[in-house]
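You will see two complexes here that share chain A, one where it goes with chain B and one where it goes with chain C.
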Partner chain A sequence: MDVLAYIWLGIQAVFLGPEAFSILGIPVSITVMMVLCGFLFGIVVGATPGLAGPFAMAISLPILISIFGYSPDALLPVMGFLIGIMKGATIGGAVPAILFNTPGTPDAFMTTLDGFPMAQKGQAKKALRVAHFSSASGDTFSDIVLFVCAPFLAIIVEAYLDLPEKTGLLILSLSFIAAVIGGSAGKGLISIGLGLLAVYVGTGEDFYPRLSLGADGLSRGFPITTAVLGVLIIGAVFKELEEAWRNTQRTTPVQAPVESGDQNLHWADIKRLFPFIARSAFIGTAIGALPGVGSTLAATLGYTVGRARHQKIRAADAPRFGEGAPEGIAATEAANSAVSGANLIPVLSLGIPGNAAAVFLILAAESIGGFNPGPAVFRFSPDVVNPELVIAFGLFTCMTIANLFNWTIGGVFMRSMGFMINIPKTLLLPAVLLLTLTAIYVQETRIEAIWFALGFGVLGYFMRVLGISPLPFVIAFILGRSLEETARQAYSATGNDPFFLLNNPIALIFVLMSVAVILFAGRKPKGTAP
Partner chain B sequence: MTGQSRSNLYLGLFCIAFACVLMFIWIPLDTKTGIVVKARGKYNIGDGLAPTVAAVFVLLGGLLMLLERNATEQSVIRKNQLKFVASLTLVIIAGFTIMRFAGPVAVELTKLFRAEPLEYRLLRATAGWKHIGFILGGTFMISGLIAVVERKLTRRAILTGIIAVLVLIAAFDLPFDDLLLPPNGDV
Partner chain C sequence: MKNLFVAAAAAISIAASAVAVQAQDWTPPGPIKLMIAFAAGGGADTQARLIATELENRLGWEFIPEQVTGKGGVNLLNEMKDQPNDGTVIGMIVAESLGYNLYTADIGLTPENFTAITTTAGTQMGIVAGAATGWTSFEDMVAAAKGGQEIRFGVMSQRLGELAYLVGKAQGIDLNIISVKGGRAVLNGVTAGDMDVGFMAGIQAPGVKAGDLVNLASGMAKPLDQTPDAPTLPDLGVDFDGAAIFMFAGPAGMPDDARNAIASAIAEVTSDPETEVGALIARAFGGPLTIQGAELDAMVARDFAESEALIKAASE
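Let's look at the complex of A and B:
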């Protein structure tokens, strides 16, 4: 089978899969509906300060798996829903940032700088339109790069990298993630080390489950959901609750600013904004393709580059960046949205999750089975159909559908979400906490899982307090077993050579790059993690 | 949360000490095959190697933190944060303890007034009985957490707890026969 045949099969898997309902005899696929539901849910969550895409993914996953089961047929509806959330939350985050000067998601912080001044001038709806247009443009560009690059990268990895090199690549990825996430390589390494340690508890090849302290509860290891949801979600809820506890809570409902003047986005506006969008989309995509580098950095970089350009070409009467320039919103939103698609390049081509959304996609794939993100997915077998490749092209189709929803109904829906600011965090977050713990329990059905998740939650909280990003921990937890397994296989394949990493030129380069990236990042501490 | 502190130094020292405990005490004593294992005349990778690599990451991180000991902005764990997170944890533990035992206790109380034998384990799939623990424990947990954050217990907090618990039952329990709400997988 050739490439086009696989692409066609992927599209068919989405559109001709199980039917949700039919309109005038035309069947509507359940996967398409799930992408739509996920997308709308993502906008709602993104527009709610204190929540973010990963929260929604975490609480949805067990419900989705309960609905669709563990068969390969469940992969596309479940992952389509998660992809919808990922995209919806990105544009939803701009709503409270523009209307109320409160970023709905961390990467929307830079949007407040120009969005809120525009809203104060009565241009709220126009600012939201600029944000939506820029976000959808950046996201679409990023997805196209993903569709093209992920298969090529995977093919190159499969063709040129053997087991020692793959081991070296995993070490390089972990080192890179430690170095770039947060502000300190030292804290990144600690986070990675703790994540690896946690995944190795209760596992191993010997009959005795290692590091289990002889305890029955630890002998089965920590379930992945307890570690991921504990550190990422429960830790974040604790931190948000602490902030709500320290701050005086708003008691009166917040009103959207009054609008005045023309709120439409005209062709002339688009022409003026386009260079800023294009530049930021490129920056966001390039940054997103690197595992671990988040959308917040992309937004900051896009904004900074946009501001430098704007200062040179700005008309005398046009507002500067920070004073309500639409170009500022465009530069930020295009950059942070362009990260989401590109972030899936390392997941799909290398099996290395680069951000929290990718972590949940891997979690979904692991829970359901039948799809293991990594270079082996893109094996274009001519004689026998590679079902994983069909799923991969199905996921690309889901992303395209989500983009279509984004372009068509996303703007209208996001502009109606301003009221979400009035939902008090103090009431919402405890409910999210019980929801998360319940979701863990229904998957694991043992109370130990709750205690593990709570323990990881406390760890995640203190990591945040100390400025240690929890994302390297989660990524290390996910990659830990693969690292050990690949190293064992490489050791055997090289005739029990203990120096297999050093005797293989490419593996050696990866190891040296790992050392270099840590030394380079460790040279200049940059303060606390965001 | 930031200021002139020595938290990087303390974090670094703690991580170095923890890594040493891992490498020299925990891993050797709690793995059967060590870093390498000899089998059929060949040396193979043992179960101790991977955790040792993890410990090396922690050790390197700790050493780098020592180099960053004079960084201008250093995060600090404050006493009130410890108290706050301890309060949250206690409320959650209490909530799940109520959840775990409320159903069986209700059955024991009912047995006092009924002649027929009752056992919670046999009732954990029966509507009503299976929800007692989740409703009481869940409501306690949510309203308790809200009370900790808002520094007072209000009717709004209790109402939020009840509504959230009912929504969760509607989401997880009513549509799916195969899902078990806590604590029904353990009793």
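Let's look at the complex of A and C:
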């Protein structure tokens, strides 16, 4: 079995899987249909202010699992749907940003800076076309980097990193995430610490359920769904509800801006925009490959670099960045879309999720079983088929299919989504809350799960109030078990050496880098008062 | 004389049909909660879910599968003990859960607190090395260890850890025993080179066939089907058996009609190679293994009692 044979098997797994229906005798596989549905759903969600990709992924996941079951056959349809949402939400977020100056997703904020002025000048359709073209380009570039890099990185990790080094790498990832998410290393560490504390309840090697305080309900630990959905989704709903309660609700529906002039994207436009797209796609991909650094930073960086370049080459009568320059939209959208594919590099090669979308892909894999994202996936075993590798190439195929949908029907569908702005949050948020709780109960089927989820929701709410990002909590919750297991295994493997992290050069480097990352991020910038 | 035969045949057929009727007479008073002690998606979990699906199709019983993992099945037992014992709650575990794991958990429970229903399959437990080690026999590994090489031995349960320790002790070598979660983790560890050798419960068969893995020894008291010449645990000086046996159990005091009906229904689908689960068991677990009734009770009691001897042997 060589690499090409595996790629071919992955493609077959997508197209020749269980069929949904057939057109003229040609079977259409359920996975392709699920990618399409997820993609369209993602655009709708992205175009709705107050909703974002992770919401949609969180709600759909348990429902999908209850439909498709726990067999390995379920992996590709379910994860294909989630990938569709991830990609759809990225382009959908630009719609309300351009039309109504309200970003649909947080990373679309920079899109408002030039998108809304263009819309006010009557160029809304053109702005949407620029956004779609740039987004699809950035996304596609990022995916290609993922397909090439993830297997190689995984093989290098497997070949050169032993158990102590893998423990060191996990510690480094957690430190890095604590340092870069949320702007404060201290708050990041609190978030990570709480996540580790939560995941270590009721787990461990000993027969006594650790940290359970003798309570039967806690002896099995917190189900991963309750912690992730509680902190990420329910916490966000609580926070949004509070804001909706404080702000007076907008009562009149928002009107779409009037259009005038040429709305088409011409070859000359594309040629002019291309350098900005390419630069931003590169920035977004590089940033996305680092775990924990989100698309918002990529968008900001892409925009800033684009602006600096634009000022040098701008024609005298062309609008500046911030006054409705198509280049501004292109620079932002290409950067934030390029994050999504590259974000899966650490997931697939190391098992380390870098953002909320990756968290839900890992959650799907863990819930269904039969696929454990991590370096072991990319074992090109020559004689026996490695089913996980087939799934991995199946996922790559799903991403390619989603990109094809994005290039073909994404633009048209996206431009028709302007009306989603009028859905009031007072209806949306309770619906999301109810769906999330239902989804958790569907998967866990015990009432404690609901209490856990609400408890984590309250925790997530207070974390948001105090400015502590909940994402490190969730990532720590996901990585906590493998951190403990790898450390235990490294300890046994080195003949019970308690200093295994310090006695192996590569592991030691990872530990020192972890300390350095925290110290560097925690350092106050020069010139600020203590 | 002929009449006698007819009478005998009639009597037998009446007796047989009485058993059949008795089995069919019992229907679950509601949906059956099927607790599964194994991680979703693995071979054991698939076995449990396929049995449930097949029974739903054949008998119209309704199952609600639920994962209750952790602590080698003890979490499941602990949660199941107070549930209704009318046949509406059953759990799939390994015999080790009611034996060594329950014994060492020391939570005041014994096999008496449960009703053993039926076993479904055994496993082909082997001591398996990666081909990259260059070892072709158990002696090669012992020689490497005596030559000063550190040997990492992967195990997926505490009991197997004790057995690995005893193997090392009997052979006069030190083994760094690494405990991981589930048989696939041992396979991955050995394949990736994080471990040199490990216990694998049948998952090694395709790799051994392809030459990527080597069955150095049987992890059981009997030889492996695939590599019959490899030494058994007693050959290596360890008088215990590492075979894992999958089984179903329920809370204590389950009425006989419910216990027998569930046991015979499960045995019927697991021993039928035409069913999906029968095919899985034939392929991955070396064929069905059906132990029920008093024989099963005796086996469970013996496993529990033997645990003390194993711990004593390993702590000497």
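Here is the rule we use: the second predicted complex is superposed on the first by the 524 of 530 C-alpha atoms of A that agree within 3 Å, B and C clash if a C-alpha of one lies under 4 Å from a C-alpha of the other, contacts with A are read in each partner's own complex, and residues count from 1 in each chain.
Criterion: a contact is a pair of C-beta atoms (placed from the backbone, for glycine too) under 8 Å apart; a residue touches a chain by one contact, two chains touch by 3 or more.
These numbers come from a predicted model, not from an experiment.
Undergrad: State whether chain B and chain C clash or fit side by side on chain A once the two structures are superposed.
TA: Taken together on chain A, chain C would fit alongside chain B, as the superposition shows.
Undergrad: In the superposed arrangement, which partner chain does A:Ala315 touch: chain B (first), chain C (second), both, or neither?
TA: A:Ala315 sits against neither chain B nor chain C.
Undergrad: Contact-wise, after the overlay, does A:Thr445 reach chain B, chain C, both or neither (first, second, both, neither)?
TA: Both chain B and chain C are touched by A:Thr445.
Undergrad: By the touch definition at the top of the document, which applies to A:Glu205: first (chain B), second (chain C), both, or neither?
TA: Both partners, chain B and chain C.
Undergrad: Between chain C and chain B, which one touches more residues of chain A when both complexes sit on the common chain A?
TA: Counting residues of chain A touched by each partner, the higher count goes to B.
Undergrad: Given the touch rule stated above, what does A:Ala431 touch, chain B (first), chain C (second), both, or neither?
TA: First partner only, chain B.
Undergrad: Quick one: angle from chain B through chain A to chain C, Cα centres, nearest 10°?
TA: 70
Undergrad: One more residue to check, A:Arg488. First (chain B), second (chain C), both or neither?
TA: both
Undergrad: Give one of first, second, both or neither to describe whether A:Gly467 is in contact with chain B, with chain C, with both, or with none.
TA: The answer is first: A:Gly467 touches chain B but not chain C.
Undergrad: Touching A:Tyr70 in the superposition: chain B (first), chain C (second), both, neither?
TA: Second partner only, chain C.
Undergrad: Go through the superposed model and pick first if A:Ser219 touches only chain B, second if only chain C, both, or neither.
TA: It touches chain C, and chain B stays clear.
Undergrad: For A:Ala185, select first, second, both or neither according to whether it touches chain B, chain C, the two together, or no partner.
TA: first
Undergrad: In whole Å, what is the nearest CA distance you get between chain B and chain C after the fit?
TA: Chain B and chain C, overlaid via chain A, are at closest 6 Å apart by C-alpha.
Undergrad: Where on chain A do the contacts from chain B and from chain C line up?
TA: Touching chain B and chain C on chain A: residues 205, 207, 445, 488, 492, 496.
Undergrad: Under the stated contact criterion, what part of chain A meets chain C in this complex?
TA: The touching residues are 69-72, 158, 162-163, 202-203, 205, 207, 209, 219-221, 367-371, 375-376, 379, 381-384, 445, 485, 488-489, 492-496.
Undergrad: If we count contacts the way the header does, which residues on chain C are in touch with chain A in the complex?
TA: Those residues of chain C that touch chain A are 39-42, 45-46, 49, 64-66, 68, 70-71, 74-75, 78-79, 101, 104-107, 150, 152, 158, 174, 176-181, 188-189, 191-195, 206-207, 210-212.
Undergrad: Help me check something: in the complex, which residues belonging to chain B touch chain A?
TA: Touching chain A: residues 1-2, 7-8, 11-12, 15, 19, 22, 26-27, 30-33, 42-51, 53-65, 67-68, 71-75, 77, 81, 84-85, 88-89, 92-93, 95-96, 100, 134, 138, 141-142, 145-146, 148-151, 156-157, 160-161, 164-165, 167-168, 171-172, 175-176, 178-183, 185-186 of chain B.
Undergrad: Spell out the residues on chain A that touch chain B in their complex, using ranges where they run on.
TA: 62-63, 66-67, 174, 178, 184-194, 196-197, 200, 204-208, 210-213, 238, 241-242, 244-245, 249, 426-427, 429-431, 433-435, 437-439, 441-442, 444-447, 450, 454, 458, 461-462, 465-467, 476, 480, 483-484, 487-488, 491-492, 496, 498, 518, 522, 525, 527-528
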